[in-house]
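Would you mind keeping the following structure in view while I ask a few things?
Going in written order, the chains are labelled A, B and C, and every chain counts its residues from 1.
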């Protein structure tokens, strides 16, 4: 398992972590397999989506905040119930194929750390699994 | 693959299954890897979120029921279209790192079986994958 | 990694790809493990849900379009911001147990390619991971 740090700057944001995941894949020396990216926090998530136009990230974050507003009739009193719910909807991990020793993302895909209760110092884990048969 | 049973008591609820998953990980004798938790039902899901304050679970279930109400203009006539849609949003599996022979969850994370069409007798599966290189 | 093609016929649709995934599992000759199904596109997703009643698929797609309408105050100007957001909510992969050499889906479960910006020629990848200990 390889752990990386990420510092988020605002309450809701998406941070491109593709380079760190690619580094973990390279260091694993696995040719064919799967990279699992995991966030050990309950008010954050991991998402794969378009990285070319930052407006796509803004649209995703904006829609999440419309579906799950900051303030509503939540029972949890720490002021971040919305962040827990967004985390539940987005999910805490992604699985990406490794092919020929590299992350096999689609042309437009990037891997994002999704912050829903920042700014904070966070981390995420990468585990690489080998699919080669012996 | 290790199969566990879970009995749900209400139509919508989240049942903490962390102990069972930890047991499967321990029995796998895997030191470094990934545990996949999978639900073979189409009106339930698996989620990781905060386990300390039960109000977080209530907020999550309440928001899901607001986004996807029990009754609406659904075509599916079995009365559980909402449960299928919630299952689609939450997802039928999670992947959790195994590190030093143990589930590597974050401080506040627990693994939940999410029931959307209970009460029922359900089950879930745990598969542990080894990340050690030979 | 095994890559499959799929041709989608409408803007929003779910295509049952269970047979292709089962074929990849069979060819992998893995007895116990996990099959990861991955979509390398940013306006599509992979979902497991009921395959018996097509109305369930229609209800899921209809609810997604109500939560994330085609037209709204999106910033992304390519006319498919809704598709990116739906992809973010549904997710780009699923993980299904392999048991006794076969996909271990629940009785009613099928694996679907979810198109949110069709019709298009698409593809998806299947990676099979071995859980047998040596």
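The rule we apply is simple: a residue touches a chain if its C-beta (ideal position, glycine included) is under 8 Å from a C-beta of that chain, and two chains touch if they have at least 3 such contacts.
Keep in mind that what you see is a predicted model, and the values were worked out from it rather than measured.
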item: Partner chains that subunit A and subunit B have in common; value: C
item: Rotation in the CA alignment of subunit A with subunit C, degrees, nearest 5; value: 120
item: Distance from subunit C to subunit B - Cα centre to Cα centre, in angstrom; value: 19
item: Subunit C: positions in contact with at least two other chains; value: 67, 89, 91, 95, 129, 134
item: Interface residues, subunit C side, partner subunit B - complex; value: 32-34, 47-50, 53, 55-56, 58-60, 62-63, 67, 89-91, 94-97, 99, 104-109, 129, 131, 133-134
item: Footprint of subunit B on subunit A - complex, ascending; value: 1, 28-30, 36, 38-42, 67-68, 74-78, 81, 84-85, 87-89, 91-93, 95, 125, 127-130, 134
